[in-house]
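Following are the structures in question.
Each of the two complexes below includes subunit A, the first together with subunit B, the second together with subunit C.
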Partner chain A sequence: MERDRFSRCHPSVTFAFFIVAIGLGAMIMHPAYIIVSGIAASSYYCLIKGYRGLKLLVLSVPLFIFITLFNPLVNHQGQRILAYVFGRPYTFEAMVYGMAVAGMLIVMLLWAGCFNHVMTSDRFMVLFGGLIPTLSMLLTMILRLVPNMMRKTAQIAGARKAIGRGVGEDDPMKKKASDSMNVASSLLSWSLEGGAVTADAMKARGYGAGKRSSYEIIRFTPSDLVMAVGMIMLFTAVVMLIAKGGTAAEYTPVMNITPIGSSGLPGFAAYGIFLMLPTIMHLVEDLQWRISRSGI
Partner chain B sequence: MKRSRAMLYFVLVILIPLTLYLGIRLPGRSYYLLSALVAVEVLTPFFMTFEKRKPAPRELATVAVMSAFVTIARVGVPIPSFKPTFAVILLSGIAFGPETGFVVGAMGALGSDFFYGQGPFTPWQMMAYGVMGLLGGLAFREGSPLKRKNIVMAVFCFTATVLVVGPLLDTSSVFITISVLSWENILPLYISGFPVNLTQGVCCFLTLMLFGEAILEKLERVKLQYGMMEDTDGV
Partner chain C sequence: MAHFEIRDLNFLYASAKGRKSLEGVDLTIEKGQYVVVCGKSGSGKTTLLRHLKPVLTPAGKRSGKILFNGKDIGELTDREQAELIGYVMQDPDDQIVTDKVWHELAFGLESLGCDQKTMRARVSEMACYFGIQNWFHRDVTELSGGQKQLLNLASVMAMHPQVLILDEPTSQLDPIAASDFLDTVRKINLELGTTVIITEHRLEDILPYADRAVVMDSGRIIEDDVPSNIGRELYLKGNEMFHAMPTPVRSFYLCEGQGECPLTVRDGRGWLDREFPQGAPVRSLPEKEPVYAPDDIVLSMKEVWFRYGRDLPDILTGVSCEIPKGVIYAIVGGNGSGKSTTLKAMCGINRAYRGKVEIFGKKIDKYKSSELFDHCMAMLPQDPKSLFVKKSVREELEEMSKDEARINEVASLCEITSLMDSHPYDLSGGEQQRAALAKVLLTEPRILLLDEPTKGLDSFFKETFAGILSDLKKQGITVVMVSHDVEFCARYSDMVSMFFDGQIITTDSPKRFFGNNSFYTTAANRMSRHIFDMAVSIEDVVELYRLNRGGDRS
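This part shows the complex of A and B:
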């Protein structure tokens, strides 16, 4: 798989990025911040996913509309009453609140989508292999076993069919259920016995005797350090602003959104730059590639 | 074993209330962040005990197979929300004990999310699946009044799915989508989650009712035959 500049960073850097992006995204209710996070997340998501990324954006529109319209049905606080639904006030403030909640949810989903693309299971393992080696090993084994057991399932079903014990489309439900249970039962025995063989092999190869190596060698490079320091500085600026209440926003019962103003501008800019880092890195690399190619 | 209990009590009695107390004082809408933190705090003692215990390769392999089986029960069964996932976790808990059952459930949830996609719900899902294994292990431990019979396990699994694990899963959507926490806001989400929990429960009930004892016997036999859960590898 092709990895862009941001995905090639050390997993600790990318993991920290996503924790901060999703964490702050779930915390800050200020509309300007939600919009910035939305722009950053959707631009990076589209860069790495291409056409499929746009599809998710289009699909999130009905979700946005649904939550926006649904929120006033359960939240009746607010000043400007638009209508009465089931005898309860349907307010403008609650609707705007619904927009904010929907925006936050979609932003979180988009960041989670980027996370899935960047933090592949092998990078996950590099990150946690040193910290929690046993559980990382367990996760590796599970992720390997799933496709392995799927193949075994097909083999068992094929073997059953070959001796005339297979099931067809029009067999009764009861027969199908008991057949799939027979397959599952064989699969379980086979896999558990396979597990015993794996365990013996692990023991023979000295599992647990020393530090484990990983599939891909990923080093913490100077550029990762630069990235980490920059991220910490930007993050600190945002946290300072949050602590001062610069990102406060209330919707119901009275709408009260703190204007960004000149005092909040540095923190707001820091938030935007932080979240745009993956997009910027992707575009800069793209540009460099084009320039170096046009030089040939 | 004793240290893990102490750690669990520390988390439940001190850490979680402290998180909630401090979290409520955070500005803005921090429910989701708080709830994810609490879920992670519940996971930590179980995971750390497993990590510190340094399980032998045979035990590790068994836990991996059972977690992969949980993942397959969720990913491989083609009917939506009619999956025997919880039945598999429950049986793991019964056969291998509450702590291992928790790890099997939680890792099965994490593993299946690598196929379905991770999301803000992942920590909650891991906790809820883990709780099913924990409950199974505790309720059916040696000398418990509950007998390891098809009907008992089936009823237990159904009840636990509808009353405990399903609502736990719905709670994650409460924290992710609701703007103002109040009973009248939360109730619709639990009600809309109820049919899904019900079909899950029915699927698990049927699975255990028909094949519960048979699968359990299989697990017990393999455990004995290969000394799967023994520290010394039986060699």
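This part shows the complex of A and C:
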């Protein structure tokens, strides 16, 4: 898989980014902030996923409309009554609240998609391997075990089929059940035997001979440090704004959304820049390549 | 000072009843030596090797002494034994601990608590030396068997051991991957001076380069000499291990040759050149009549095409073949060329998307699955373990048939009567193979499909197995096998097909098939083709040699 500039950063940096992006995204209900987060998440998601990213965006539109229209059906608070549905008030405030909730949900989904793409299992391992070597070792072995078991299961099923002891679609449940028991017990003895060999191989290479260290396949580079410092500064600005109440927003029963205004602008800008970092880095890298290519 | 000094080592497994696994073993191994340990399965090779690595030494009653660098081997700390003595086992898969190639290379160094700088240097050094840099970031599941075993070797070498112990490292590999692996081991020995102690079935590839060969039998060392002498001693004693010697060695002694024994094909050719400077008057043996009726076709494939998924490449691109009744039909060809896929297409596990497969003249699609695998055809998978689901061999067989008499009959045919109450996992590789075969035979197949049946078997088990196959042939069962084992196919099959590029390219009798090839053929043929025509087995070479020396036709 190709990795872009942001996802090549040290996993501690990218992980911190997602914690902040998703954490703040779930806390702030202010519509302007949700929109900014949405723009940042969807632009980066489309950049890394291409056509498939756009497809998800299009699919999220019906979800957005559904939640928007559904919320007033269960939430009846609000002042401006648009209609009565099943004898209950259907209010404008509840609908706007529904829009905010739907927007937030979709933004979270998009960030989670980006997270999955950037934080692959091996990067996750690098992040926690340094902290808890034994635990990460265990995780690594499980990651090794799962495909192994799947391969063996397929082998056993294939072998049984070729001696006429496989299960077909139209076999009775009882036969299917007893056959899967057979396969499971076979898999167990096979895996136990393999496990004994693995244990020998581990001992032979000094497992348990002393304190383990952990090979760092990804280095923490100076540019990661620059990135981390920048992120901390932007984050501080946002937190200060939140502390002053600049992001407060209430929808029901009375709509009360704090305007951004000149005092809130620096924090809002900081929030936007922070979330746009992956997109900016991706575009800058593209641009650099283009320039260097035209120079050749 | 010797590297290893073993003095009067005796060992009895805790579970064994009376018979010692090692008896009075005396062995001295010098620094930098390349020592081959050979012997039948169960002769104590692995037990001996495991005594040279303290953490792997089995539990049991032991007497005698093992010195490593002049010190008792028991005094080594866990750390020292990990660093100094490297150990590579048989199974390429189960030895791998982690999920990534780079992590596997670093595993040993992590265990020793090395710092980042040392680890980086060592890992990169190993990746370059073993040519791993191109797959450094891959998942281990994506690797081939040969690559996995090379990775196991590299991750042991990353700790810079003084001794490298290898226990049948290539038994699960195809011939090309196996000789690549053994070349690397030899390179390590020559370029780094690492002491190598290895057990192997494939003596052809290693005996010529070894400094010493040690032959074991029932826990004792019966021979310990330079490789060029070992054949002679085994021949004179009439020891069974003689049959495991490389082709040139066996041909030389069976022809009662004089002088230096040839170990390689090159030297074997030289020996024949010296024997027949003007060429041989009798160049070939009369051809045997085919034993099968060419019109009685039991299985035919016509232009069969197959791929595993819509967007995946074609594996079979028009396979055609006709297999007559009662033959042993072998399909040979390179690794990953689609031989096993063909076998699965024959029994309908892989459905062809174009072309026709006919079993006993009836299209395979017309068979119900219950019909097809009952009294009709059955396949023995590559790994016999995938057939075992019960706690004893007897229960395994009872799963297939309720008929006690029939079970006993098949068990005695496969020579597993004495193993009936053992757990299938307690059997050796060759015994597992035969137990699995017995299970398959209880479906009473008329066509038996075998996928790499000789993988991991030593030469004795191979012979037993071949005996069973010829018994089956007498009962009129047709055997179709795919194999890498050129020597086995040349010796025991009736028809051989070459599989290449998704198709069966040629089919012929083994004699003509291998006789006309110059690379993809048996060692006996490569050694004698400039003197004799179409001598594909040692028996052929010996017979021709005798005829040319004035012997009678036998």
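Rule of thumb we're sticking to: the second predicted complex is superposed on the first by the 282 of 296 C-alpha atoms of A that agree within 3 Å, B and C clash if a C-alpha of one lies under 4 Å from a C-alpha of the other, contacts with A are read in each partner's own complex, and residues count from 1 in each chain.
The criterion applied here is as follows: a contact is a pair of C-beta atoms (placed from the backbone, for glycine too) under 8 Å apart; a residue touches a chain by one contact, two chains touch by 3 or more.
Since the structure is predicted, the reported quantities are computational estimates derived from the model, not experimental observations.
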item: Contacts of A:143 with subunit B and subunit C, given as first, second, both or neither; value: both
item: Touched subunit A residues, subunit B compared with subunit C; value: B
item: Partner chain(s) touched by A:189 [first = subunit B, second = subunit C, both, neither]; value: both
item: Touching partner for A:245 - first (subunit B), second (subunit C), both, neither; value: first
item: Contacts of A:202 with subunit B and subunit C, given as first, second, both or neither; value: both
item: Partner chain in contact with A:28 - subunit B first, subunit C second, else both or neither; value: first
item: First, second, both or neither for A:165, with subunit B first and subunit C second; value: second
item: Partner chain in contact with A:62 - subunit B first, subunit C second, else both or neither; value: neither
item: Subunit B versus subunit C as contact partner of A:105, first or second or both or neither; value: first
item: First (subunit B), second (subunit C), both or neither touched by A:210; value: second
item: On subunit A, the residue positions that both subunit B and subunit C contact, one per complex; value: 133, 141, 143, 148, 185, 189, 193-195, 198, 200, 202-203, 207-208
item: Subunit B partner contacts - residues on subunit A that touch it in the complex; value: 22-23, 26-29, 67, 71, 74-75, 77, 94, 97-98, 100-101, 104-105, 108-109, 112-113, 115-116, 121, 132-135, 137-139, 141-143, 145-146, 148-150, 153, 177-178, 181, 185, 187-189, 191-196, 198-200, 202-203, 207-208, 242, 245, 247-249, 251-252
item: In the complex, subunit A residues that touch subunit C; value: 122, 133, 140-141, 143-144, 147-148, 151-152, 155-156, 158-166, 168, 182-183, 185-186, 189-190, 193-195, 197-198, 200-217
item: Complex contact set, residues of subunit B against subunit A; value: 26-30, 32-33, 36, 47, 50-51, 54-58, 60-65, 67-69, 71-72, 75-76, 103, 107-108, 110-111, 114-115, 117-120, 176-180, 184-185, 188, 206-207, 210-211, 214-215, 218-219, 222, 226, 228, 233
item: Touch list for subunit C against partner subunit A, complex; value: 53, 55-56, 77-79, 81-83, 86-87, 89, 91, 93-100, 102-103, 106-116, 119-120, 123, 139-141, 152, 155-156, 159, 344, 347, 349, 369-370, 372-374, 378-379, 381, 383, 385-390, 399-400, 425, 439-440, 443, 449
